[in-house]
Every structure is written in structure tokens, then in C-alpha cells.
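Two complexes come next, and they have one chain in common, subunit A, joined by subunit B in the first and subunit C in the second.
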Partner chain A sequence: MTVASSPPSRLPVRDIEGTQPKPRTREKRERDGGGRGDGALAALFIAPAMLGFLVFLLWPTLRGIYLSFTRFNLLTPAEWVGLDNYVRMVKDPIFWDSLTVTVEYVFINIGIQTVSALAIAVLLQRLTQSAILRGVVLTPYLMSNVVAGIVWLWMLDTQLGIGNEIIAGLGFDRIPFLADETWAIPTIAVINVWRHVGYTALLLFAGLQAIPNDMYEAAKVDGAGEWRMFWRITMPLLRPVLAVVLIMTVIGSFQVFDTVAVTTAGGPANATNVLQYYIYGAAFGRFQFGYASAMSVALLVVLSAITFVQYRLTRAGQTDLG
Partner chain B sequence: MRIRTRTVVALTGVLALSLVTGCAQGGAAGSGSNTVTYWLWDANQMPAYQACAKGFQKQNPGLKVKITQMGWADYWTKLTASFIAGTEPDVFTDHIQKFGQFADLNVLEPLDDLGIDNSAYQPGLAANWTGQDGHRYGAPKDWDTVALMYNKKMVKDAGLSASELNGLAWNPKDGGTFEKTIAHLTVDTKGKRGDEPGFDKNNVKVYGLATGGAGDSDGQTTWSPFTGSAGWNYTDKARWGSKYQYDSKTFQTVVDWYFGLAKKGYLAPFTDYTDGANPANAQVASGRAATSFDGAWMISTYYDTKGLDVGTAPTPTGPTGKRATMMNGLADSITKNAPNKAGAKKWVQYLASNECQKTVGSYGIVFPATPEGTQAAVAAYKKKDIDVSAFTEPVTDKKDSTTFSFPITDYAADVYSLVRPAMQDVYANDAPVGDLTKTNDQVNFILGQ
Partner chain C sequence: MTAVTATTTTKVRRTQRPRITPGKVVAWTVMAAMVLITLLPFYWILRTALSTNTALAAHPGDPLPVDLTTGGFERALGLQSTEEAIAQGGSGGGLKFWRYLINSTVVSTLITVFQILFSAMAAYAFARLRWRGRDTVFGLFLAGLMVPTIFTLLPNFVLIKQLGLVDSLLGISLPTMFMTPFAVFFMRQFFMNVPREVEEAALLDGAGKIRIFFRVMLPMASAPILTLGVLTYITSWNDYFWPLMVSYSDSSRVLTVALAIFRAQTPQSGYDWSGLMAATLIAALPMLVLFGFFARRIVSTISFTGIK
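Presenting the complex of A and B:
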């Protein structure tokens, strides 16, 4: 994350408006409503979300962790087996292979997606304010993942797909996009970039909107070009938003499932057997909910660690603005 | 503020209540005591079973059969989910591949009291549905075999006759007349046939044989006609074996030869195959392949393809001197927690009866399990001008043909998930066939648990 450590620009960013970060004092907290006796109402408003959190997030997580120490087929009572599932996981070559495949996918997917989304967001901000264009960018995201997967499967089919018809028409060899072990993961990664890039771009675009326009004007007065303004103003000030977007998209990317399920079903020869798909197969195909839970816990640990490191490295909680 | 708080509480309460009652209603739908719910996956068979249901309802006034059809993949996902959620159908169409797992999970109702007589059905069909505990869990419904489907025009253009295709033989050394034939049916982009000098195997226009993928753990419509006629069987015992035999020299030699046909350019490559988009019949329909091995359940699909004149030939004779095909039989099973068990038993008894099976046969879409049902189907196909002897002869002609069953063992889902990628590795990535020995060890390790 070199973005975070870009050198201080010659533009006096912090002093432009002459403001300093405001400390949250006790008076401010009271002004915001604390100590006015509205606690009960606040609790009431929080209650639905809290109920949802407890029922749909906390309880399943705790139960999942418990099940990871059991042998469980969902239809007969769970049987405590201690660390057996974890020992099996460490020794399972398919699990490690599946983790490698997933990491490969995440790198390709996030790499291409972040760069493209940033480019689209900056272009949207600097060139046009058209709401229609913003809508168009978001269109693929509105499509169901499964539908998108099926459409791409058909378009990229080696023999019948229009994509390969065009490639063959141009005189090149047909490319088995989803049927070849080298091509399959990059293809799925790009299909998902296509689907998610608009949404990511829109999040970044919202972050860009928060950057005061007068900074760009001041920079222009000082003779800075678009390229220089991008690296000296946009990137440093977008950093917290970019960091949060990266954390969110990396988590989402690690959980890739539907596109794989629809297009390759983990094949050929496990080349696209991403972790979520392997977990799903173990649970709902082979009824090994204990082992599947253990792998899910492993994924949870990996994602928590990655998120923590990303958060620290990108200083996502701090802003350079104001 | 107070009033507003109260309003919010009231609204939340109403919302919560409506959600709860909504769920309850959803769960109880369609499970009345006079309704029997029945699931099947083949849309082609829906009208035939609706006709059966009519007959059943006439004989059992007050009982109503509600049939639900879902595609193959969704079918098993939903069935699994329904067992977990307690919303299972009373009766469902069952497949041997899933039988072991369902028996393990203890979700099937024993059907011993239905009085199913093994001899009333085509050989082997009824016996396959007996569990390791000796109880019956399925009533025989229909059966299918595999044959060679071919594009009549391409065969004629190649100077071949129907009788030549009916008399094919193969061996793992030089492939025999079968390999010669598919080589001759293969044409490259310059018009050269696969058995002509100068044939370009990297630029093939029409493959002699369509690909059906790597065949998973059963090879039903891919390698199994060959492994079967070479004398190999999946497991050490016909039913509920404890060891798979993918490590056998015979098996590996045959598989090596079979996938080797792709390297020679006669069998379409693995990359031509996609489950959803481009199965074997689509390759034949699009003119990409001249022949394909396919199951009896696909007969109507092939014959209904516009612009395609189809012929059928039995599977080729192998080193054992016999032709071989899988003969797979479906059954109807009752779920252990069926809401209407009494009605379900009556319905399954009717489904297994000659009366219903003759009705189903008369639609000419599938071969029912009773001999009379099969005859009705053969007659119905004949009416549509379809000769199905390539599919029926293996069952009747025991001198020249042999049939084998889908493997029935425990842990079928685990076997599938291990063997499927291993077979794909051999076909798609040229992995040495000897690697299957390691996979077989893993499979047998699981079975030995």
C-alpha cells in the first residue's frame, strides 16, 4: 500500500480551510443526545438490527465453530470429535489446493477490479456528472450472479459461444476459456470483475465526491496537470475510502461461489475448486457438516487476519482530510 | 415522544407476528392428509405420470396426487434441503447413485410390506433397491441402457452402412473396427478423413465420436461400454461392495485407450464438452460430431432434433466377446417422515403396478420396469418410427450382450468428488492413467471407515 505513504505534497492540504480535527468532548456527546433519557428509544431502534445480528450472524457463527468440533450430517445428532476435523483439514491436499486456487482468484480479481474501478470513478468525477452514465456503469451489478454466470458460460463456450466464434472468425485458435485449467480461474475472475466493477467504481466515486473541489482549483492555479493531481490529491485523500472498499471486495472475493458453481462446478480437475465451493460440496454434497464447518472457521480466521493487516497497513480509520 | 414510541412498538409487533404466521403457513402448504406429494426430475415424463395419477385417483377416491418436477441438479439440492427442513415430499423418484447416501442418512421408509415381486420386473431392477440391512427402499420404475447414436447422413457419406455400425467390435490394442469406423467418420477442415494420410488432428471439423466429458465415477455414457465389455466391474461385489477397482490394470488400459482417441483427433476433446451448454447430443445436433454414446432417456431428444436424421447401434463387442452397457433402473422411494405415509404407500404400489407402467410405456419416452410396460414403450416408439432395439437387445439377448448396474456402495458422494477430478485430469490434462491407483486408494480408505 504505497498510497498511504505518498510524500507530503507542496499543496498545504491541511491548512486550506484552516480547520483542525475536532475532539469529541463530553459536551458534544451530551448535545448528540446522551443523557437525555432517550436511551430506551435508542435501544428500541437498535433492537431489530441487534436481533438480526444475534440470530443471523452471532448465533450461526458460534454454532458453526461448535460444529467444527463434531461429526454431523444434519439429520442425526452431532457427535463430538475434538480436533479431528482440523487434523484432517491440515492433512487434506484438496483443501490446500483449494486455498491456493482461491488466493490466485482473489489476486487476479481484486487487482483488475480495483484498477479499473478507480479509473472509471476518476473519469466519472473529472469528465462527466451524468447520472445516466453512472447508472449504465452499475448495470451489470443489477444482474443476478447466476444469470450472469450462465450467459458468460454460453458466450465463452469453446464450440458454440459467440466469443469463440469471433475469435475463430478472426483466424485465431478457439480458446477453451472455462474448460482449460490455465484459463478457467482468470476467466471467472474477469467475469466477476465485469459484474462488480461498476459497484466498486460507484463507491470510489462517492469517496471522490467528498474531496473538496477547491483543492483541484488551487492545484490548477499552481500549474498541476491531471496526472499530478491524481497522485497528489485524489489518491492520498481517497485512501480511507479505497482501503475500506479493498477490505470489502477482498472479503467478497474470497467468498466466490456462484459463478464457479454455474460455470465450471470446480473443474476441470479441481482447477477452479475454490474454498467456498469445496466447503459447499463437503456440506451439501457429502453431508459432512462438521468438516465443512472446520474449513469455514479456517476461512473466517484467514479473512479476519487479512482484514486486520489491511486495516492497519492502509490506516483505513484515519483521514488526511481536514 | 411517548406516543411515537408506542406506535413503533405496535408496528414492530405487527410485523413480527405477520412474519411468524407467514412462515407457518408456508411450511404447512400442500401436506394435507388426502394429498400425496410426488417429485420427479424428467420434464418429458410429466404427462405420463399425470396420466398415472388420474388412474390412481379413480381407484382411490379422496386421494389426490400432487406432482412437482424440477431439473436434475436442482432436484437433488431441493430434496436434500427438504430432508433437513422437514418439508420432504411423500414420494420421490430415486437414483441408485444417491441410494447409498439416503440409506446412510436414514431418510427412507422401508417398503417390504408393499409385496414387490422381483420376478415381475426386468432382471436385476428390483433387487438393486435392497439396502445392506436387507430391507427394500425402492419400487422399480423404469430402466435405461446406452447405445451409439449416429448421424445417418454422415455415415452414408462415409460409405458406411447401418449393418456395419451394428456389428462393431473393439479392443484396447488397435481399437478394432470401432476405432477404424470413428476414424473414418472424422473429417478435418481440409476434408481429409481421420484414416487418410495427411489428416490434421489439430484442425478437425467433424469428430467421429462426441465427448460426454470425463465420465465421473461411473462413465455411464463415456468409457463404461468399453470397461464393461473388457470384463471390468466397479466394485468387488455386484452390490454394496467394499472396494472400488479403479486401480485394475484392465480398467486403466481401457481408459487410457479411450481418452487416447482424443489425442488421435477422433474423439472430441474435453474442452468441447460443457455440462449445461454443449452435451454430446448438442455436438451431434450441430454437426460437430458424427456419433455419440447416449442413454435411452435421450432417445426423444435426438429424434426430435430438427434437421438431424438419427440412427442407433448397439455398443461395440469387446475383448470378452460380448457387448456391454450399463442398465440403470430408477425407483420410487417413500421418505421416512412422509406426512401422508399411508397414501404414499398406495401411490407407490400403483406406480410399480403393471397398469401404471403400461400407461407410462404408452407415451414412448422411457422403458418401464415391468416387461409389459417395456413392450408398451417399444410399441409406442415404433409408432413414432423409432427403432429402439439397440437399447432393448442388451436386456433380452444374453448370448451376445451383458449389462451391469450403476455402482451401489456407501459414500457414493465422496467417491464421486474424488474420482470426477481424477478422470478429468487424465482426459483434459494428460495425467498418467496410473494416478488413478492413488485415487482408488483414497476411495477405498473412505469406504473402509
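Presenting the complex of A and C:
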């Protein structure tokens, strides 16, 4: 992702659409975005993306923050209520339950997913370079969360699911995976690991490719085993990539919704009422768009804080390589 | 088998003799287990879809389809009469997956084609055109990466409602049809690395910049566009939360939303697992086929550049 370094600057040679074309030269100012060479043309090229950015990204972000200070039910205009929604949120036990459930989900999901993805990535690097296997691990990612949720709902069904058939066949008690308060969150977390672990593994695999093979060869000459090489070479050198992937997956994990919606619908007894599901219910079930927006802002703040802390802790921007 | 595969790998341990060590056996076992867990659900979807609901209840652990039938698929596609469907354990709710298949295709195609065209145009302006404020605007776009998609959904719903586009395919497509910060960023990386000589040669031939973009740069970018395009297509195909907010009726219902409704239409006697798995397969198969065509390229792009 490096940009070719520019030769020393020369006079900018301008050319605008329609004028006589001239040979172009590279100059430093161009890289820095200086100059006014292609203003009109650039405006044309950037207009559609800019429109989309302003209307569907920047404006809704600002509007979401604004709505969090209002009472709004979609039918009548939003009414400014100051901090009411936030006060209500702090006093809302269901909100805190919901946040707790979400955090629990994220820990289980990210914990299992990161360890498995790392194992798969290392196996794909050290054991076999098979491109077919890399394709195979990606296949669950092609499914929607909805499909993944429904399939596992079926496979983990207490009476008819193949999972419980095997468990019963081995002589254990059947487990009501998605119908039980303690099992539901771990089960949903693992279902989502199934869908995302291959993709995560490939991202880590990309990071592993940057580690020179010579280092492994040299370590081997010194008599190091695979286990030792993993801790002494792979882990330290993969750290920056791992950090970025962690930040990304944690942010994604906090937004869990689809799987919950199709498997447990927040139940049993609010045991899987994750934040996004609670927000959706507030907005579309009870038409409290203001309150829902306030909770979304809270989620945004939590995510930004986590990103910041993780970034600092893991020194994600730095690399130990070369 | 294990030792042979190890020797055929190109880069790793070329110098070492293949040996079957306990560690390797464990490693291959783990790998095999991972592959099994990855692929088993796909087989189980097929096996269930081809069975009847009554037989499924009687033989839950049978590895092969029980009482082979295509009833599940007929039900999912709305080809069965209501009585027939109910007799076979369906809800008789009359979902028509043909319709949703078309809706999903329209939405994903709209989003993919326009998002990538517009993102590539913007990326070209960021990478190769000179204009005042370029880096500031690009920084702003990049900051957009930090906003979780989910945060913009509620306000975007309010906007789409005000535009009168609720329950329309355009309403579902619009928010992601113009750009995503990621697509712009990804394409810009590519354009930055195209040698300038290519453009210079075209300029010498008298081509304008618009012409250069469409005739030279876009064709050159076909590989990254393909990867990005397939991933965008898969993402929009699989999206559930946003279409769930926007669509209310058959006219704009996409596959993910229809599947969730199908799952919620629980008949008294229990789920119509056969029909549900058939519908699931209908929803998933197009992406498996699409991936099948481009797998090699996509896998190598992700696993060597670390897309996203």
C-alpha cells in the first residue's frame, strides 16, 4: 500500500478537459492535493460519491445525534427534550441488562473466533498452502446471518436437531441450546463464529504472508519446534495485523442483530436481548425513535472508546517488521 | 496422505524431508475437523430440504434424506396449493421465493453497479486529479469508515420515509448505491499504483481525462473491481437489518427478510423444516455459485492484500 515516491517537483503542467493535451509530469504538489489543475473535472467525478456521502452518511450521523435529544415517533415532528432520553437510559434496567448481555456475547464471540481464526490461519500457512482449503473456510461467509441462524436453529433443535441426536447418542442429556437462558448467548456467539471465522482467518493469513519464510528456516536450523516458532516469531510479528483485525471484529460483534432476530428474538426472558435488538424494538416496536437514537449514540461512544483504547494498547499502527 | 500433501507445497519446508510426526497428525486432524464443521451445515440443509417433515421427525439422525421429496422446494417457491402445503407440514402462508429471488437480485445489482462505478470515479479523482481540498475531502471520507453502519440506519430510515421510498427496492438500495468509504479507499489504492506512463501515453494520443478513465483506467482495474464487486454483491445480498426496516410487502421483500418471516410462521405442529431448508438453499445457492466462479481470485485478493 505504499505510494511510489515522487521525483523532484517541476512546474505543474496543467491540462483541462478539452484543451490541447500535453505530456504530463509528476510533481510533489500533485500528491499533496495542491494545485487547481482539474477542479471542474474532479467535481464531476466526485459528485455522485459526495452526494451519497453527505446524504446517507454525514447527514444521518448528525441527525442521529440530534434525534437523541428529542421525542420523536415518526408521525409528529421531533420535539426537543434535552437530556431526557439519556437520563431515562441511565435509569433503564433493561438497557443495562442489554448492554451486559451484549458485552458477554462479544467476549465469547471474539474470544473463540480469534483463537480459531489464528489456528486456521497458522495451519493454512505452516501445514498446507492449499488454495482450495482457503476457499473452503470462506464458504460460510457467503451465507447471510439469517441463513446461518436458521440452519443452526435446526441443527441444534432440542428434539430433532442432529447436534442433540449426537449428544443423546453419546449418552448425555439433550441441551436446549437456544431455548435456555444460560446456553442461548454462547450458542449465538458460536453460530456467528461459524460464519465469520474463515474470513477472519484469511485476513490473518494475509498478515502471515508478510513474515519472511527465512525466519522460520533459521529458527528451524536452531532447533526450534513449531510451537516455539509460533510464540517467538508468528505472534510478535503478526501483532499489528491482529490488532487491526481485533478492532474490526469487535466493532462488528457489538452490532449483532440478525442471528438473534431469527433464532431467539431476544428471549428466553430477555437473555439474548442484545443492544441492537433492544434499540430496534424501541424504534420499530414502540416508536420511540428519540430514545432509540440515544441508545445508538451510547453504542457509538462505547465503540469509539474501545477502538481508541485497543489502538493505544496494541500499538496497532506500528510494525515490528523491518 | 498427510506426508504426500506436505511435500507438494511449494514454499514451506522445501528443504525438509516429509516425516509423519505426531504434531502433524494432530494438526491435520484439527484441520479436518474444521473443514467438517464448516461444510456439514451445507450438507444438512440439502438433506433436510429433500426430506418430508413427517419422516424428519421419525428419523432425526439419519444421515441421508428421508422419504425423498421435492415438496419443500415446491412449497418455498409457492408451487403448492395451500391444502397441499398444510398437509405436508407447511404453513400455507404462500411465500413466493421466486419473487424474493428477483427482488434480491435487483437490489444487489443496483447497489453493486452504482456503488462501484461512483466509488471508482471518486477514487480516480482522489488518486489522479489535482484539485483544491482534495486531501481534506479524502480525510472526511476516511472518517466515514469509523461510523458503524448501524448508527446511520435509524436516521436513514427516517429520510427514506420522508422521501416516500419506504417499501420500494430503490429505498432499500439508495443508501449504499453512491459509495462506501471502503470502496473509495480500496479503489484509490489501486489507481495510485497504476504507472503514470499509461495515462501519459493516452494523453499523447489526444484522449481526454474522462475518456482515459473509462477506456484505460477502468479496464485496467477490472481485477480489483471484480473482487470488490463480488464482495459488495454478497454483502448486499446477505443484508437483513436495513431491508427489514424498509420493506413491508411482497413488492420489496428480499430473501433474507422473507426467510425470517418463513421461520416465524410456525404452524401448530412445529416448524416446516423441510420447506425452510429448501428456502434457505434457494437464498444461499446464488452466492455459492457466484463464489464458485471467482473463488480463486477473491481468495487470493483477501489472503494476500487483506481486504477490509
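What we mean here is this: the second predicted complex is superposed on the first by the 269 of 322 C-alpha atoms of A that agree within 3 Å, B and C clash if a C-alpha of one lies under 4 Å from a C-alpha of the other, contacts with A are read in each partner's own complex, and residues count from 1 in each chain.
Here is the rule we use: a residue touches a chain if its C-beta (ideal position, glycine included) is under 8 Å from a C-beta of that chain, and two chains touch if they have at least 3 such contacts.
Note that the structure is predicted; figures quoted are calculated from it, not measured.
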- Query: Who does A:Gly281 touch here: subunit B (first), subunit C (second), both, or neither?
  - Reply: first
- For A:Thr76, decide between first (touching subunit B), second (touching subunit C), both and neither. first
- Go through the superposed model and pick first if A:Val190 touches only subunit B, second if only subunit C, both, or neither. neither
- subunit A residues touched - subunit C or subunit B, whichever exceeds: C
- Task: Please work out whether A:Pro176 is in contact with subunit B alone, subunit C alone, both, or neither, and reply first, second, both or neither.
- Result: first
- Does the superposition put A:Pro268 against subunit B (first), subunit C (second), both, or neither? first
- Counting only touches as set out at the top, which of subunit B and subunit C does A:Pro60 meet: first, second, both, neither? second
- Between subunit B (first) and subunit C (second), which, if any, makes contact with A:Ile150: first, second, both or neither? both
- Message: Just checking: does A:Met248 make contact with subunit B only, subunit C only, both, or neither of them? Give me first, second, both or neither.
- Response: second
- After superposition on the shared chain, which partner residues are touched by A:Val137: those of subunit B (first), subunit C (second), both, or neither? second
- Message: By the touch definition above, which subunit A residues appear in both interfaces, subunit B in one complex and subunit C in the other?
- Response: 38, 41, 44-45, 48, 74, 150, 153-154, 159-161, 262, 284
- Could you pull out which subunit B residues touch subunit A in their complex? 1, 5, 8-9, 12, 77, 80, 83-84, 101, 104-107, 214, 270-278, 282-283, 286, 288, 411, 413-414, 416-417, 420-422, 424-425, 428-429, 431
- Which residues of subunit A touch subunit C in the complex? 1, 3-4, 12, 15, 17-18, 21-24, 26, 29-30, 32-39, 41-46, 48-53, 55-61, 63-64, 67, 74, 116, 119-120, 123, 125-131, 133-148, 150-155, 159-162, 165-166, 169, 194, 198-199, 202-203, 205-207, 209, 213, 217, 220, 225-226, 241, 248, 251, 254-255, 257-258, 261-262, 276, 279-280, 283-284, 289, 292-293, 296, 299-300, 303-304, 307
- Query: Mind pulling up the subunit A residues that touch subunit B in the complex?
  - Reply: 38, 40-41, 44-45, 47-48, 73-76, 150, 153-154, 157-161, 176, 178-181, 262, 265-270, 273, 281, 284-287
- Message: Going by the contact rule set out above, which residues of subunit C touch subunit A in the complex?
- Response: 5-6, 9-12, 15-16, 23-24, 27-28, 30-31, 34-35, 37-39, 41-42, 44-45, 48, 56-57, 60-61, 114, 118-119, 121-122, 124-126, 129-138, 140-141, 144, 146-152, 154-159, 161, 174-179, 181, 184, 189, 192-193, 196, 199-200, 203-204, 206-210, 213, 234, 237-241, 244-245, 255-256, 259-260, 263, 271, 273, 276-277, 280, 283-284, 287-288, 291, 295-296, 298-300, 302-308
